[in-house]
Amino acid sequence: MAAAVQTPADAGETKSWDLDPVLTVEHLTMRFGGLVAINDLSFNVGRGEITALIGPNGAGKTTVFNCVTGFYKPTEGRIAMRHGLGQQAQTVSEVTHSSLKWKPSPEGAVFLLERMPDFEISHHAKVARTFQNIRLFGGMTVLENLLVAQHNPLMRASGFTLGGILGLPGFRKAEQASIDKAVYWLEQVRLIERADDPAADLPYGDQRRLEIARAMCTEPHLLCLDEPAAGLNPRESHELNELLQFIRREHGTSVLLIEHDMGVVMEISDHIVVLDYGVKISDGDPAAVKTDPSVIAAYLGVEDEDLAEKPEVASIVVEALGEEAAEEAGIEIPPARKNGGDK
Amino acid sequence: MEYFLQQLINGLTLGSIYGLIAIGYTMVYGIIGMINFAHGDIFMIGSFIALAVFLILTTVLGFTFLPVVLLIVLIIGMLFTSAWGWTVERLAYRPLRGSFRLAPLITAIGMSIVLQNFVQVTQGARVKPLPPQIQGGVTLMEGSTEAGRIVVQLSYMQMIIIVTTIVLMTLFTLLITRTSLGRAQRACEQDRKMASLLGVNVDRTISLTFVMGAALASVAGLMFLLLYGVIDFYIGFLAGVKAFTAAVLGGIGSLPGAMLGGLLIGMIEVMWSAYFSVEYKDVAAFSILAIVLIFLPSGLLGKPEVEKV
Amino acid sequence: MAAVNNAAVNTAAVDPNSLQASLKDALLAALLAGALGLFFLGIRTDIAPGGLAVRTRWGLLLTAMAIVFAGRLLLNLFVFKTKRPVTRAISGSMAGTGSALPTLGWWMGRGLFGFALVLPFFFMTFFPGQQRQYIDLAILIMTYIMLGWGLNIVVGLAGLLDLGYVAFYAVGAYSFALLATNFEFIGFWTALPLAGLLAAFWGMILGFPVLRLRGDYLAIVTLAFGEIIRVVLLNWYDFTGGPNGISGIPKPTFFGLEFSRGEGGFADFFGIEFNSIHRFVYLYYIIFILAIITNIVTMRLRRLPIGRAWEALREDEIACRSLGINTTNTKLTAFAIGAMFGGFAGSFFATRQGFISPESFTFLESAIILAIVVLGGLGSQIGVVIASIVMIGGIELLRNIGFLSQIFGPGFDPTQYRMLIFGLAMVLIMVWKPRGLVSTREPSAVLKEKKKIGADMVAQGEGH
């Protein structure tokens, strides 16, 4: 099963994301009526790594996110989330053959996300997400936004509301702890000064960071970010890089992100998966993906055959890519281009 | 079998009336996304105007040729009821355009209360009976049961109602699909801001939607008056709720859906009364609504909504 | 393009603020009023011996047109078509007080609470002649305040549009009535919580299938459920007494003491002179305490995770789900808790009236309660109080205003205009203040400084 993913074609060595995947997506297919948004997609997200999902507009990236976070039920495929080290192949196969949604394993636990409703994925499987068009609770304060994210632990602490109404001390303590955690994250995203302002009042960049902080308040094992750098200026986008590095470093949270900003992607990702028309066209570390001809073709909107057969197409690609990278990618540089270059 | 057929015809007749009212709901919902709660009362206004015009023509002016009288009643009724529809929109909804979702709903409920009580105050709370004007019909089938002879009859009244509904529906569909008004309307449905940027007069389009809805409701009002022969200031509420139910059942925003929903609600009500109990006919209609919405949330002919994440 | 040019030419040619334009506009309004009123004011159909008879009232129609003309002209001159509308001057002078409003609201809340606490004694001291009438009115207003607070949980906090709230009011009232009339041993204080629980139970039963629906569909299905319950109450003779309702519902007792004349009664026990007002005062305090409990519980819930989840749900349901909140359960609790308070209010209604019938639980009641919540300002507790006093107090005052009949002649009966004016007030207040009278939101948790949140930021729940 998923042999292609477990032994990458491009390298002999086994990649870290195949040895210790936090999330494996296997043969994922999503159809909307007649439209196939994702077709037989398989990839892994390594534990403690930053994985980027890239591809042209309409490639199906957000659909993958919606399948992983339970907002869509995939037509086919398995999405396994693991708590604890290793592939846990034994437990994965046990859960798959049972009717369970998840099962504890010696290493941690295995969750089959395609069987779980969205809120359970966040609550139990510990997958948090942000949205392409920011979804904050605009009429609530920044602090309240972060408290809502800690709903489940607080509900337990409030004795499912009854203890809270009676004002039991246990709840008071838990509430203070939740405020402390919110303050911690507000400091990390540098929004502590705005804690009592309504979220809708924040400027765009701050809203993006607040959404990440809110997702982190659910203490996720996997953080899914849908275009976190969209609409950010270069300075903000640099800060975002640092924030993501920090999250990965200090909290060990694995990150899966969709991004168009190649600067961000190449700088921070450990692993890149490229989608086009719902199909995976490349998978590997940034250096490998950067030079993959099919990726270049997909981004520039040309077919592979064109690249091989039509010199004018190839020359455009080479121009876009730079000759060195093109040669590395195995694109034959047309002679006309060579001459032009000499001039 | 004969009994069933007779009920089918009755259901079709009642359903036509609901369908005509439902179109007003569905169009308004389609274009500005609000439940025009006062629409049922516009229907009631329509039936009162029809009654007044009819009485003036027959008792004061002494016209006796019924087809002409009814035609005049129909036209005057449509004109004056439209004025009511326009005014309600202008006073209670337009000032709140672009405001919060619940505000126009509350003004709509307020307008509904105003219209009911206005009619009650000016015309009295007692019911207004009108003796049957159109009698007789065509016997379609005869049969006998243990209880005696049973006749399936399509009365002239029912014929008029069904034919008028079909004619109006056809005209209306043409209006929506073939004219620039219909195009403007659909553009406003899609994106009001963009439509106005492209030179569509949004306010006028919305006003005209209310006018058209009111005109159809006035026809329904006239039919109701002739069919049941008794009206009061409160008929708008239940008819309105059922017509809205019909619009939702058919898929709100869809014109054929509104008509289909109207026919179904009429049918369910008549069949339930005929075979089960008259008392619970409203319960039947509402229960069907709840069931359909739970299992088919966008109605029968509505476009399914994909959740945007 | 041509239309735009024409409009520009027109505005250039005729000053829209001129007296001429105002007159023309007022004249059009009067003509429209004439057209609208023609078959209602101008003509009246009445039942006469030979069928319906037509009566004309041209004088009335002309008067109405004249009033519309004058009214519209005045509005044009001073508000719509002038460079300095009067309303702007008024709102300008009010804007200065805007910053002081939060504290004003705080003091107002305290003041109203203090007044409500001593209200029966206030009326007994200062209006001894009409004390009963006034206390009765206060009881009615307090009932609506409680209903408003209950519905506020569902509509204001959770953003679920419920048009059938009266169903739970009815369930509470009927549960109480049936329990109290069928079982001797169940008194008011036992039946009250049971009725509330039954209403909450019904809230869950009705809520469970429908809570997946989008906002407006939810509204119409709740309306349908409200009507279903009323029709069932109306037709299930054996159980509910049908249209005759249930009578002989026991009055509440004060620790077993009845408010009756003679031995063993409340007055007798405390050795005071019997007065029928005692019972009203007692009823007032029962509903007062019930309402205060509703308020305290709601305020508490807002600061608990469940309450925050309700508000988050109103803001963005999808984001809630992404944060691990079970939205179905969250909606259901809002529905059930709202229903429970409706049930308590219903029980109180049953014991106060001593008689209930389906007629008290029509859609109009739901509409009035919803109007109170929306007019008061969604989610605002003090707003509900103000709206209840204005709307319910207003309607009831119209019942006994004598001076109107002196203006309109002895045949004038103000009660029939009650609901007409009520409806108009609903429309006018909403147009004037679409977000309700008190529209700011108070944050449920504060780190350093409490800031009010403006109405334009708070969502009203799109109810996905």
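Labels for the chains are A, B and C, by order of writing; each one numbers its residues from 1.
Everything below uses one rule, namely that contacts are C-beta pairs under 8 Å (C-beta built on N, C-alpha and C of every residue); 3 or more make two chains touch, one makes a residue touch a chain.
Keep in mind that this is a model prediction, so the values were computed, not measured.
Trainee: Chain pair with the most contact pairs?
Mentor: Result: the chain pair B-C has the most contacts.
Trainee: Starting from the Cα centroid of chain C, hunt down the chain whose centroid lies farthest away.
Mentor: Between chain C and the rest, the longest centre separation is with A.
Trainee: What's the distance between the Cα centroids of chain A and chain C, rounded to whole Å?
Mentor: Computed from C-alpha means, the inter-chain centre distance equals 48 Å.
Trainee: Between chain B and chain C, tell me the centre distance in angstrom, where each centre is the average of that chain's C-alpha atoms.
Mentor: Chain centres of chain B and chain C, defined by C-alpha means, are spaced 29 Å apart.
Trainee: Indicate the whole-number Å distance between the mean C-alpha point of chain A and the mean C-alpha point of chain B.
Mentor: Taking the average C-alpha coordinate of chain A and of chain B, the gap between them is 51 Å.
Trainee: Quick check on chain B: which residues sit in contact with 2+ other chains?
Mentor: Each of 307, 309 in chain B touches at least two other chains.
Trainee: Where in chain C do residues touch two or more of the other chains?
Mentor: 318
Trainee: Can you list every residue of chain A that touches 2 or more other chains, as numbers and ranges?
Mentor: Counting only residues that touch two or more other chains, chain A contributes 71, 131.
Trainee: For a test of understanding, state which residues of chain B touch chain C in their complex under the given definition.
Mentor: Touch list, chain B to chain C: 29, 33, 35, 48-49, 51-53, 55-56, 59-60, 80, 83-84, 87, 91-92, 95-96, 99-103, 105-107, 109-114, 116-124, 126, 128-131, 199, 201, 237, 241, 244-245, 248, 252, 277, 279-280, 282-283, 286-287, 289-290, 293-294, 297, 305, 307, 309.
Trainee: Sort out for me which residues of chain A touch chain C in the complex.
Mentor: Residues of chain A touching chain C: 69-71, 118-123, 128-129, 131, 135-141, 143-144, 147-152, 154-155, 158, 161, 164-165, 171, 179, 183, 195-198, 200-201, 214-215, 218.
Trainee: What residues of chain C sit close enough to touch chain B in their complex?
Mentor: Per the stated touch rule, the residues are 1, 3-4, 32, 35-36, 38-41, 43-47, 51-54, 155, 161, 209-210, 212-217, 219-221, 223-225, 227-228, 231-232, 234-235, 318, 363-364, 367, 370-371, 374-375, 378, 416-417, 419-420, 422-427, 430-431, 434-435, 460, 462, 464.
Trainee: Which stretch or stretches of chain C touch chain A in the complex?
Mentor: The contact residues of chain C facing chain A are 297, 300-301, 304-306, 308-309, 311-312, 314-316, 318-327, 333, 441, 443-451, 453-454, 457-459.
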